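Look at the two complexes coming up: chain A is in both, with chain B in one and chain C in the other.
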Partner chain A sequence: MTGHTLVTGVIGSDTHIVGNRILSMALEDAGYHVVALGALTPSEDFIKAAIETAADAIMVSSLYGQGELDCKGFRDLCIEAGLQDILLYVGGNLVVGKQDWDGVERRFLDMGFDRAFPPGTRTNDVIESLARDFAARAVDAGMADR
Partner chain B sequence: MSGPAALLIDFGSTYTKLRAVDLKNRTLLGSGQGPSTVTSDITIGMRTALGDLEEQLGRLPDFRYRLASSSAAGGLKMVTVGLVRELTAEAARFAALGAGARLVDTFAYQLSKRDMARITGHDPDIILLAGGTDGGNSEVIVNNAQTLAASGLTCPIIVAGNRSAADDAEEILKHAGKDVRVTGNVMPALGTLEIEPARAAIRDVFIARIVHAKGLDRAHDFFDALAMPTPVAVLEAARLLSDGPHGRGGLGPLLVVDIGGATTDVYSVASGEPTEGRILQHGLPEPFAKRTVEGDLGMRHNAGEIIEAAGGRDAVAALAGATPAEVDVLLERIAADVERLPEGEGERAFDAALAQCAIRIAVTRHAGTVEIVHTVSGPVAAQRGKDLSPVATVIGTGGALVYGRNASSILSGCRFSEDEPGSLRPRDPALLVDNNYLLYAAGLLAEVEPEAAFDFARASLEPVSEQSVKGGENELRVTSG
Partner chain C sequence: MSYASPLDKELRPLSAQQIPGDLFARLREENLARWPTGAEVDLDEAVEYHLSLPRHKRLPCVMRQAEAEGRCLTQPRGGFGTLELQIELMQILDRDGHADVVPTTTDSYTRNERWEQAEAGINESQKEGRSMLNGFPMVNYGPKRTRQLIEAIDKPAIVLSGTSMPRLTGEVGYAAGYTGYLGSGLAYVTSYTKEMTIEEGIRNYQYLDRLVALYAAKGVELHRRQPGFLTGTNIPPSIAIVTCVIDALLAAGQGVKSYGLEMGQTLHLIQDAAAIRACKELAQDYLARAGFGDVATPIISLHWMGAWPQDDAQCAALVAYGGTLAAIGGAASVTTKSTHEAFGIPTPQANAEGLRMTRMAIYLARQIRLDEHPEFLAEVDLIKREVRPILDATLEIGEGDVAVGTVRACEAGILDIPWSPNRQVKSRIMPARDVDGYLRILDPGDMPFDKQVLEIHTERLRRRAEREGVPLDRELAVSSVYEMSEPLSRLVPDLFTGK
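Moving on, here comes the complex of A and B:
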């Protein structure tokens, strides 16, 4: 076990659960404690779950093209709930139509997500990013202690 | 009289009630009633009630069991504390209500000074402290334990939160000299409800501490055990009727509605899972045996609020066959005298309309809902709470049903209605009335003689609808009573 707790789910009125379930299983195999909220999850539910479980990261999936609308203000909600430092990932078919990924990524990072992942991302890429981000945070925390 | 008998006692808020049950024939031998004299000396009312019973029976039998429940002296006053309002705070609420508590307040997140002032003001009998899933947030429950430790509260505190923080919380409270006990987390994992350990702990505290604190043990010569708060006895009776005694079938999923002067209580014993495969379940799972209390739906203490919740004076007037002005007069009469029993046709019709509305609203709040969510891939039905539409038996109790006329139409307020298609109330239940207020007695007896308790309760409930009552060895066809 890594000792880290992750909340996963598909945001908004989105029923596409398969990719999210595969990701949740892979994260569990990688040693994370996964709290899987499943499809059709309102943003508030991610945050409530993260509070009760003292989660270290929230992983938001969106596959139906409305991700930008659903995720608006997500970081603000976290700050409001006292989770200002929580790690936020988002991934999937985040926007409608063929758009330049760099622009899409930029928009989600501006919204306060720490990382955004395009369609077709391998689960291993996510796991590696998590490991790197948690390691960096551990270093930061160590420096803060000193 | 010869066979073995049981005496079942309820120290109620107004009356001490007795029911004597013939264990062999599984019938009611007789009843007794006296005032509830808890504030002076509980044995006075108890003696009156026994005298009443003796008069009926000629001679009191040697009782094999003498079991008691109580809702006297303000009931089991509880306050619950959790973390997120819709999660552990809600789970704690379910646990307290299921333990028969009179839940006076619920709190979420960190307790503030204001919150503490409110809690102290309530003077609760027990505080249930939850918060965090196992291994989850421990900061808030530990913080709340510190706040409670620093208060002047002397009541027992039950810790039912994050397992990883329970030791710390216990230590803090113990160190401050509080009566603290630790039990299983009401929500060990997100979305998993486990309220039985907390329910058991509350009951233990009730027997060990509250019975004495409220002076109920002064009557100990009259009973062998004061086993539970009265609402738990009713819930146990509902459970027994639903499951049946060991090895025998029961009535299946059922609902009990208790309409009183101050509150309307609803009990359901049912899984409440979606009845169709394509429905998505949302929100917290709910207890299999669930109790809710509607503090704003009392036939006497807040009749005005029932009318408001039912859509206003005109709607209730139409249902009662009265004019709005007449409703105002009737309402004033009730407000002036909360002990009032209805007199005359007009008042009875008004009471019946009030009761029907209260039942409809209370069951609507207790039952789950289903709504259509429009997604890109089409409409999806999403359910919240329990689907009670397949519930086949509804049992009604309380003055309005027992003394009023037309119990069938009053109780039918619980039914599903096309006007509110999203409310998952029973679609076609058989309606029964507990005319002699026996459910608590059956619930007390259920612990020691489940077979006798089941048969006794089953035979005593009066069918008031034309549906057949299912379950048991034989199906019973009944006609309107």
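Moving on, here comes the complex of A and C:
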């Protein structure tokens, strides 16, 4: 076990569960404690679950194009709930239509997500990013020597 | 987030019987009062409008004609967030795409009956000058304004609203002049919802099917359609067909006479043709046995519903081949995708191109059929041997009532759906692709398949595992989910790889 807890789910009115379920299974296999909220999960439920389980990261999936509307203000909700430092990932088909990824990524980073992943991202890429981000945070927190 | 009519539950035990007329009138009144545009629904005016439509704008007629002539029609999906964008889209699909049936996909807020949010989405779309919604918010616009869409095209139009809550969208759509509506109780609850019960989903679609019978009583024939593609993720034909037959029986019970059955393509030529044949024969068999021998059940084949490749050229192959699969399989219509599929919602132009690619492939399929091909006949037989025990057990556990049986069968795991988001479904059944590219059942969960039949599935999957040198386990199912989205360098490596 890595000792880290992750909250996963598909945000908003979106039912595309398959990729999120595979990601959740892969994260478990990688040693994370995964709290899988499944499809059709409102923003508030992500945050509630993150507080209840003292999660280290929230992994938001969105496949149906309306992610841009659903994710607006997500970081603010986290801050209001006292989760200012929680790691936030988002991934999937995040906007309506085929748009330039750099622009989409910038928009989601500006919204306060730490990383945004394009369509077709494989689970290994996410697991590697998590390992890097958690390691960097451990360094920042002065825990590197332990 | 899930609507079920309180009145319906209070006054009617769950059953497959037709909803009595007086009760239905009360249910309609309750339903139409839920959003201001409900008041615009005027049944007599709508009937008059439908009767004024020419035959070529009526979907039941068009589907019947296609079947009679052995034609395979084309229909895309498509919906944008404002009336202006939607008119433009439908005209492009009609004229540039030669769509035989023109769609209106509703947005996800509408599908979940979050009309306030849809309203905000319309405003945002207008402000941004691009669609911020993934479909057309039909209820917000209401039947009067939505009718402008019917007027803008010269084809029949169908509502595509991936929802288990169709009551108000259905009223608005049919009143606006749509002659078809896609969706069903079992399929959509198990594929598109998390908390809703199977019973609520069945009741919601019984309402819509009963509405179609009400129009029929006034001389207007309307088309209904079942989304057998389910979660769109490697659904073996037998699972799709089980849901097609159950939802067809439920619809027939309310009085529906034109009921299309959709089957997602497996992308295996023989399995898809066999699935179409088996679906048609099984549906007609079970309908006739229930006393509904007069229900038309045209089969609609759907372009790949799983994950798509990122490469436009690979997508183009899936689109064109999808036309071939539908035409050779003998489908009455094919629902198309485009080269933009991996990235989400296509532009109208890309969508129209998908239609034309498919249409050319249909032309090239001529009248080629697999009817006498031994592997085809064996697969038809195998699918039927998979479907019958599940359907028979479902009818039995319902003591003759298919609505009751469906609820109980899901609880018992007799009915199960792969990759379902719904908590009421066990979702233990796990499909994977076999050594020859057929979709097979890796783990049946609690579904009562015949032992010998399962052995065939296991044997084919074992052969794939052996060939790839991997264990026969869940990873086969997961890799099958991604297979079609893999790059060509992995699917078909160069003949000589250098070293």
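Just so it is clear, the second predicted complex is superposed on the first by the 142 of 146 C-alpha atoms of A that agree within 3 Å, B and C clash if a C-alpha of one lies under 4 Å from a C-alpha of the other, contacts with A are read in each partner's own complex, and residues count from 1 in each chain.
By definition in this document, a contact is a pair of C-beta atoms (placed from the backbone, for glycine too) under 8 Å apart; a residue touches a chain by one contact, two chains touch by 3 or more.
Computed from a prediction, not measured in an experiment: that's the story for all the values here.
A.B. asks: Contacts for A:Gly65 in the overlay, against chain B (first) and chain C (second): which applies, first, second, both or neither?
C.D. replies: both
A.B. asks: Is A:Gly31 touching the first partner chain B, the second partner chain C, both, or neither of them?
C.D. replies: In the superposed model, A:Gly31 contacts neither chain B nor chain C.
A.B. asks: For A:Gly120 in the superposed arrangement: first (chain B), second (chain C), both or neither?
C.D. replies: second
A.B. asks: Among the partners chain B and chain C, which is in contact with a greater number of residues of chain A?
C.D. replies: The partner with more contacted residues on chain A is C.
A.B. asks: Figure out whether A:Gly97 sits in contact with chain B (first) or chain C (second), or with both, or with neither.
C.D. replies: A:Gly97: touches chain C, not chain B.
A.B. asks: Is A:Thr15 contacted by the first partner chain B, the second partner chain C, both or neither?
C.D. replies: In the superposed model, A:Thr15 contacts both chain B and chain C.
A.B. asks: For A:Ile51, using the defined touch cut-off, is the partner it touches chain B, chain C, both, or neither? Pick first, second, both or neither.
C.D. replies: first
A.B. asks: Does the superposition put A:Gly73 against chain B (first), chain C (second), both, or neither?
C.D. replies: After superposing on A, A:Gly73 lies clear of both chain B and chain C.
A.B. asks: Taking the superposition on A as described, I'd like to know which of chain B and chain C A:Ala39 touches: first, second, both or neither.
C.D. replies: A:Ala39: touches chain B and chain C.
A.B. asks: Show which residues of chain A both chain B and chain C reach, each in its own complex.
C.D. replies: Touching chain B in the first complex and chain C in the second, residues 13-15, 39-40, 64-66 of chain A appear in both lists.
A.B. asks: Considering the complex alone, what residue numbers of chain A touch chain C?
C.D. replies: The contact residues of chain A facing chain C are 12-15, 17-19, 21-22, 25, 38-40, 64-66, 68-69, 93, 95-99, 119-120.
A.B. asks: Which part of chain C faces chain A closely enough to touch in the complex?
C.D. replies: These residues of chain C touch chain A: 1, 107-109, 111-112, 114, 121, 124, 130-134, 162, 191-195, 231, 233, 307, 310, 340, 342-347, 350, 419-421, 478, 481, 485.
A.B. asks: Over in the complex, which chain B residues touch chain A? Could you list them?
C.D. replies: 83-84, 86-88, 131-133, 135-139, 187, 189-190, 280, 282, 373-377, 380, 382
A.B. asks: Where on chain A does chain B make contact in their complex?
C.D. replies: So the residues of chain A in touch with chain B come to 5, 13-16, 33, 35, 37, 39-40, 48-49, 51-55, 64-66.
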